[in-house]
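Common to both upcoming complexes is chain A, partnered first by chain B, then by chain C.
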Partner chain A sequence: MVSVINSIDTAHEDMIHDAQLDYYGTKLATCSSDRLIKVFDVKGGQQTLVANLAGHEGPVWQVAWAHPMFGNIIASCGYDRKVIIWKETNGTWDKLYVYSNHDSSVNSVAFAPHELGLVLACGSSDGSISIVFSTGDGSWDAKKINGAHSIGCNAVSWAPAVAPNALLDQSGKQQPVKKLVSGGCDNLVKIWREEDSQWVEDQKLEGHSDWVRDVSWAPSIGLPKSIIASCSQDCRVIIWTNDGTFNNWTSKVLHKFNDVVWHLSWSITGNILAVSGGDNKVSLWKENLEGQWVCISDVNKGQGQITDGQSAISS
Partner chain B sequence: MGHSSKWRQSNMAERERDLHILWLPGTASCYGLQATWGMGNQLYVFPGRNPILQEDGVQAHNPEATEISEVRWDTDMHDKLIRRLVNQSHNIFMMLQSQAADASSATLKQQLVKCSKQYRSVMKACSMDLLEASDNTADEMDIERFQDQLKVFEMQELIWSLCEILFIDVAPGGRILIPLLEWLRRHFPVGFQIFKDILQQEKPEEHREYWECIYRLILQGEVEKVRSLLARHPARQTDCFLSMEELLKKMPLCSSNYKGSSLSEFEMKWRHWREDCERRLEEGDFATNKYLETVARILCGDNTVFSHLRDLCQTWYHMLISKLLYQNPTVKANDLQYYTQDCLDDFRCDGMLGDLDNILIAVFEFDSHQVLKECSGFFTSFWFAAHLTDLLHHGGCLKSHRLVFGSDLREYLLLDYAASLMSHKSLWQVGVDYLDHCPLFGRSYLEQYIEHMSYESEKKAVKLLHICERRNMTSQVKSICKVMGMRLLHNDRLGAALTWFLKSKDVAFATLVAEKFLTQYSDKGKFDNLDLIDNLGSSMLLSNRLTFLGKYREFHKLYEEREYHAAGHLLFSLLTSRLAPREFWITLLKDALGLLQLRELVYGSKQTCEMMHCLEELTKDTKHLEAGKQTTDLSELQENISLLQVALTKNLAKAIVTEGTVHPS
Partner chain C sequence: MKVLWSPTKSDFFLTYSNSSVYLYQTSQGAVELNDGTYATRLAENSEVPFIKCVAWSPAKLEDNLVAVGTANGRVILSNFGQKADNDLDGREFVPKHQKQCVYLFWNPLDHNLLAEGLDKHSKDCCVAIWDINAKTGGDTASLERQRYSSSTSDINAVTRPYVEIGHGETTTSFSWFHKEPKAFVTGMSGRLKVYDIRDASKPHLFAQTKAVYGVCADPLSDSRIASFSESHIALWDTRSFEKPLLTLQETKPVITIDWCPTRRGYLAVLCKDSSTIKLFDIRHSVIGSEELDPVITERTVQPKKLSSISYFSWHPTFENRLLTVSPDGELRDVQVYERMPLTFASNFHFSWACGKKVIDLYFEDEEIDISIKMKNRALGGYGLCTEDPMQNALAVKNEPHLYGLWSWLTIAKDIIAQEEFQSKTKGTPSTWEKFIGVKNLLWPDNTCIGGQRSEMETVTWSYPDGSRGNTSQENSPIYKYTSPLRSRALQLCGWDYKREARDSLLGLLASLQTEGDFERAAAIALFNLKIGKAVDILCQANLPNGNAVAMALAGFTNEKNALWRKTCANLRHSLEDPYLRAMFTFLSSDKENFDEVLTEEPCMAVKDRVAFACIYLDDQKLWEYLKNLSQELKEKGNLDGILLTGASQEGVELLQSYVDITSDIQTAALAAIYCMPSEITKDTRISTWIESYRILLDSWRLWHQRSKFDIMRHILDSNIRVPTQAFISCNFCGKSVACNMTLASKVRPYMMSGGQSTQTKQRLTCCPGCKKSLPRCSICLMNLGTPSGSALYLQKEPSDFEEKLSSYGNWFTWCQTCRHGGHAAHIRNWFQNHSDCPVSGCSCKCMTLDSVGQLSAQSE
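After this line comes the complex of A and B, so read on.
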């Protein structure tokens, strides 16, 4: 049974583009075309607006939370080509750093696993990906992957820091994995890795026939395999898997939808994938007992005729 | 395989859990919907979409749709009344796991039976609570909800107890019908209720349902009750009544009586009795009373009479047991499936079978996987399927059938059940124990959940820390300690922060805090959190800086206690072992000043020389002295250095003299 527990009126004055919960699910950051970022306290069923972050000069596309060990830190990116890093100190949010080294709209921001330090990846419509990082003494530095995706990069997502085969190999300390995946207007999904402090292309995954809108690397759940999900303008979601031994990625089409798929996200344990898109639906997908990806639930936006929206309807 | 299963498959495709569709309130947005994950089974859903690229050519403006909905699923277990089920079944589950690990197979069987019964009694207790709650409320919505939940519990008890009879508490060969009859009586109590009602009447035979009640009871093998009803009939002395009484009295009872005798003995008695029944029926013993004739035909196992009394059986599985009682009372458990089809045919109106029917058919077919799969699809919560699966798993009733992605059915369901608890503010602790018993994925699931568990309070952080420590989750321990330590550090609570870093043996941050302590001392000339530093013990060895901090504090204590020689020696070793950070040397030397100015000699000539050496090294390498210092500070520093130079020279002279006196060369 799926049901609506609460609703939050964000009072944004324009379309919301992203909403992200902090690491502990107690704070929700939203961003909108109204150029604002809002932070809500969502603990225990209460929703209180705790901050309004103004600083972008255009629509804000995405927000991301850093690991709490760095404090309360949010990164945001937008149409104004900027990436802003915000930090909360004693209840007030301030700009910590502004990165403005992109030539076009910045579409995606993602913080790296905390094992890698305070590191951020940004994907932009100028086709490049920036890796922005704190040097530890309060200043910031960046590396850039130019021409990562021709026409534009739409999404970035980091690999889990713990290697998928780490459970088998318990000898000594493991170097954390430093990889990320990106998707772009060249219809490609690309995996990048850092080698001798330079970012190089690790893999190029071909499978989509139109712009890739979102990519998401699944959390590592103890299996010796890596899983990436990608979705595209071609209405398909592809699950890419790698068994960890070779750079051999196999693809499986999860489903072909009726409309563009905008967004993907994995549950905390990586066993359920939420898929959402232009068809006004959020569907949840899970690998069933036979290893097939099946839809377990659907959340639909009402079409007007259904007024009793608080009750679940089983098909 | 019985023919019933073929029929079922032809009627029903392999089915997954029903798809739940939730409609969100409000009007449709033409921009799509997005979702972000919360903890466990929780999503935040909002209209909107990701970046609009120039090429998209969409003008974004839809100020009405800015609401975010928090959506949850599998929350059945969060209900206050159901929580008792969660907690009590958790105890049974944990007990079973430890017993399964230790017990031999013989004792394990007994334990399984015990656990199975305990699970059922918890379900029963929960039903009672629901019933009470339903009686005590006037809210129609609530009543409906409670009644729905009650129905679910009744079905679960029905399935569970049938599984218990066929899989767990298996009666010896040929005697399966005894527990099945008990099962039947428990779940179809109508006959017994009417029976009680009739007994209260002055003229029982005039009760509207007198004969119907007799049929119902005889269909459940309640011979004694039937006899007592017949004995109350005014015509009890007539031939037909007497003949029936004789038959019923002689019926080889399917109860305790035949437990003593062997199966073949029973079968022989039964055959004789059946022949007697048939003979009396043929000879027209009951021709004068059509009701008794019907009873006699039941005793003879006549197929048509069962079809006739279909409505009194209510369901095909009642009819199955009733028929078997009179047609084949020593049926083997494995053969039950061959008898289901006829009964299903009698009840098939529209050709469709319900979920419950399919589950029961699968139980009669001993297809445990199918039972569990159907159950996990049918019931909205994972509680039932997960616990039943675990029980059957320990009973060896599940083939160790590996699923495509590695785990087995038991783990798959336990993970789902645990997931449904993780988003609850207190039940997550129960979820942790279930994850512990998922050998393949449990640990990594727990690691992920722990990483996302909020701990505003120190108490909760400590609780989480213990959970991680017990399971040797070093990375999570480190992460929790770091988050807690950093929070305290930001609030300038150095001592408390250090405690957390020490817990996770975090060298880098322990060093950082030790440095902050030292800076604080340099600035204020005193230490806060003396207790903590005094009691560092061996944990001070974690980092050099921390060791120095601890030792330096020890020096102060010795000095205060006027143990000047010991203090002086310690200070000297801190300085010369290079344990002290360079920028702290001047502070140490200033401390030495006090010792040098004492009447008694603390430092010998050799030591004094070495200290002079340190001072010289320091004055040469001025960057350690001048860093961040004001000019006024610098002049003060210069003054200190000169003071030291003088004091050391004087001490050296004194030492040479003293040494020369004690040991003349």
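After this line comes the complex of A and C, so read on.
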């Protein structure tokens, strides 16, 4: 058997906009138009609902888990222009902090690598990106990138902290990378870096011809290059690569799909890219030794069936 | 032609035109609905003339009961002639005056109520709500009407509506509310009116509007209503009904609109002469006292290019499924696709959401991703056997490309140990550079100029009969090259490698024979000119063509025997084993030129090729050969090449290209730490692999493996200190109570102030941060607090690191559940006789809860 497929009835009353597994893959958080976030324990194919987090006053678009070193912490963002940080203490989930400094729907939320502390980025329809961080003494602070994407920012994703081209500090130790990538309604993918405690644009990647729907920075496990995937309403997925020596990013179209491509996700080693599109398919892609991206598996959600792609895997 | 899904049976739908109603069932049949979806026409009803509208009963009945409204206002119930446990089939509902039926709607909860809209009549109502179970035929009014009627079936007719509304008015549209079954909204004479049938005398709410067509209440949110007029769509909220919340403008006249029954706020709109259905995702929120502008996301669905749609129906239960029909009756089953968010987890679970469900996929196959393989290897103890690195190769037996690396590491480590032993006994410092590769060993400056001065000597064969050749008699002598460095290289290749103090070559041959590797043993024997030994090995081996090969070898003489050579050359090409081939190539080739032995594919293992080259190639050729070979292996990311490069910068490049190709950072990280300490330790690539691998182990919850990995790093390179990863925090200030380096200086005064200033009984019974007392031991009731650990900061000599500051019995420990605890020795004594908590009043079964076995079972 290649894989075991399992369907979870979340009992959400409306459409689910995001589902995220925690660092260990043992907890699942989902969020929906029904304004709720649900937390499930996932063990051996069984899911148990452990919490309903109510606090948003509109559809909740995304959820994100913090690194477990901070405890069980979830950040959520929604149509109500809020970002809520939730923390579990002795089995009870409570609001830890509410950030409400956006003027429009907050579409995307992502925790930074733990090396940077408890930091998260939020992208909003007001076109700005906020970087919200815990100051360590229980209070929170934020920095804002105004006008990051005109019309709106749809997705944010952090660079891995351990990167091949990381800067070295005086003692020769690697400094964690502090960069993020965003995608927006201006059809652009932008990379941001912190410089003198201000966030500045590092790169502007032009390639899409319609709204960028999702961006995802690949985990760089041992590879001497940085890789970003972006997908768009122009039906394309683009892989952006930087070889680590200069700040040059080269682009390669992974595939032109028949419909809008909504979401992307990398496997933990960055070897497999999962893509979901308006054609109702989830497909898994892998780069072969010749540098070509090939579809290794197609999953049709309607039937829950798996059909193997080009490089057939026996099932 | 219009379509309707059955409200109760998910695989039934009907289509109707002016003259007929057709019943269909999906799954298979002749009617194609979509790629791979078909339906069968089950029944038809063509008996009712002038059909105006059809409504499907929401009651869960055996049969498919539909109400058919006609041009003269009659409503006829039909179940397509099926057998039924009710007598509803054929029942009619007859209005007082003959007027066209405008619409029909069953009450979604009160299944016996059926609303009918009728054309305007000055003396009659325009909305009639029928009770289908009302008495039939009996009342006088109906008898009277029968006299004027041409129909003969009026015995089974209901003539008195349950409720009548809107005398002399015009009704255009109607919708029941889904959660308040007595209420409905109707478009009537330029107004939208909300009625309750318990008091139908006047509307409860109304709004003046042109948009009186197609009114529909969102089945998932009763306060939300949509209606249209011409090309405008109006959205209403019954809580503020005076004006529409929102108006949408279309370019063409609207034919029909309908809310999605499975998704809140999702409105489908069909315009005239359009091949697409527009979907409006309407989000309107009131946040606090503030009303946000509604956000509308618009999508279009095109069932078929260039084919216009005349009507559609949402599937009542399947999420986002629509059935459309074209003017010429072509049906399409359409799925509206949602955004599906995705997530990959570290434990090979991959989940995505779809509508209200989450689908979880679990990968088990190692072929899908190297990370699955890496985790399995880690579980098998891969890389954690420092005593004998070769054991690690056994953990990855089925992956031969890893073999070269581990055998090189094993030999390199043994040589290092031997060297250290010798330098200790002789008292001379070791000249051996650790973990060096063959190429760097022979040419440390990485250039052939000025390096290596090998001796050339003429060597002779030992023949099968035991005789030895005579150098002076040989007409083509064999030249062998030797130097101290070449011998070392042969050691690294395993050819001259005394593991158990046996004759190195004979020992190697014997062990190869035991492992069943006869071809290799024979070839090595032959390359060492022991032709007799080679013949012996082959004869014992019982190989498929071993005897023939042995015969051929036995017949070898060094005289230029043309026939023998020719035969050998021919036989060679029929041999598949690289070692057997190499033997014949060696014997039959020109003694000055062994290129073929080293280049012919498939070739011998890298270590044997290198060893061969180290014996028979002169300095210039050997340099060229090793340089090219290491370059080739480096590019291919072949770990066998580590034999040539060693733990050098080139070795790192080789590992990097191996990682690039395989993503196996596990092996790269392990190789790097086994070579420690070495010149490459500081390379950032190496630290990246090590860190990445540690992160992977953590994310797989393989904490034991990760700890062992850290310990191993420390053992192999004592310069590496892994920072403390667990802390005990103070109940009051939350800071660590451990005396780490930075705190040590501050802490010391308190250690002394306890009155017990003897070195062995140093105590710190308060938090170094806030100076509050630490909890008491639940047995002896003394405040806890002991200097524990190896107290690095107090020791200058690394050898003292292992010495603990206080004995284990004085450390403190506690139950992870009730958080009660005390000195380790006390607690241990207590739990020898008890299973519950020593604190009186605490009912915690600490001993049964806190078992190591349980923990390890959970981590699986």
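By definition in this document, the second predicted complex is superposed on the first by the 290 of 315 C-alpha atoms of A that agree within 3 Å, B and C clash if a C-alpha of one lies under 4 Å from a C-alpha of the other, contacts with A are read in each partner's own complex, and residues count from 1 in each chain.
One rule holds for everything that comes next: a residue touches a chain if its C-beta (ideal position, glycine included) is under 8 Å from a C-beta of that chain, and two chains touch if they have at least 3 such contacts.
Predicted, not measured: the structure shown is a model, and the values here were computed from it.
In the superposition on chain A, contact of A:107 is made with chain B only, not with chain C. Applying the stated contact rule after C-alpha superposition, one finds that A:17 touches each of chain B and chain C. In the superposed model, A:226 makes contact with neither chain B nor chain C.
When both complexes are overlaid on chain A, the residue A:276 reaches chain B and chain C alike.
Judged by the touch definition given at the top, the superposed model places A:295 against chain B, while chain C stays out of reach. Of the two partner chains, neither chain B nor chain C is touched by A:182. Of the two partner chains placed around the shared chain by superposition, chain C is the only one that A:57 touches, whereas chain B remains out of contact.
In the superposed model, A:154 lies in contact with chain B only, and not with chain C. A count of residues in chain A touched by chain B and by chain C gives the higher number to B.
In the superposition on chain A, A:80 makes contact with chain C only, not with chain B. Looking at chain A, you'll find residues 1-21, 23-26, 28, 30, 32-33, 42, 59, 62, 79, 105, 162, 221-223, 259, 262-263, 265-271, 274, 276-280, 282, 289, 296, 299, 301-302, 304, 306, 313 touch chain B in one structure and chain C in the other.
Considering their complex, residues 1-21, 23-26, 28, 30, 32-33, 42-44, 59, 61-62, 68-71, 79, 89, 105, 107-108, 114, 125, 152, 154-155, 162, 167, 185, 211, 213-214, 219-223, 259-260, 262-263, 265-271, 274, 276-282, 284, 287-291, 294-304, 306-307, 309-310, 312-315 of chain A touch chain B. Residue ranges on chain C touching chain A, taken from their complex, read 220, 263-265, 283, 285-288, 292, 295, 335, 337-365, 367-371, 656, 659-661, 663, 665, 668, 682, 684-685, 687-689, 691-692, 695-696, 699, 701. Put simply, chain A touches chain C in their complex at residues 1-26, 28, 30, 32-34, 42, 45, 57-59, 62, 79-81, 105, 162, 164, 166, 168, 172, 174, 221-224, 259, 262-272, 274-280, 282, 289, 296, 299, 301-302, 304, 306, 313. Residue ranges on chain B touching chain A, taken from their complex, read 16-29, 31-40, 42-55, 60-63, 65-76, 373, 380, 403-406, 409, 412, 415, 419, 425, 440-441, 443-445, 448-449, 451-456, 475, 479, 482-483, 486, 490.
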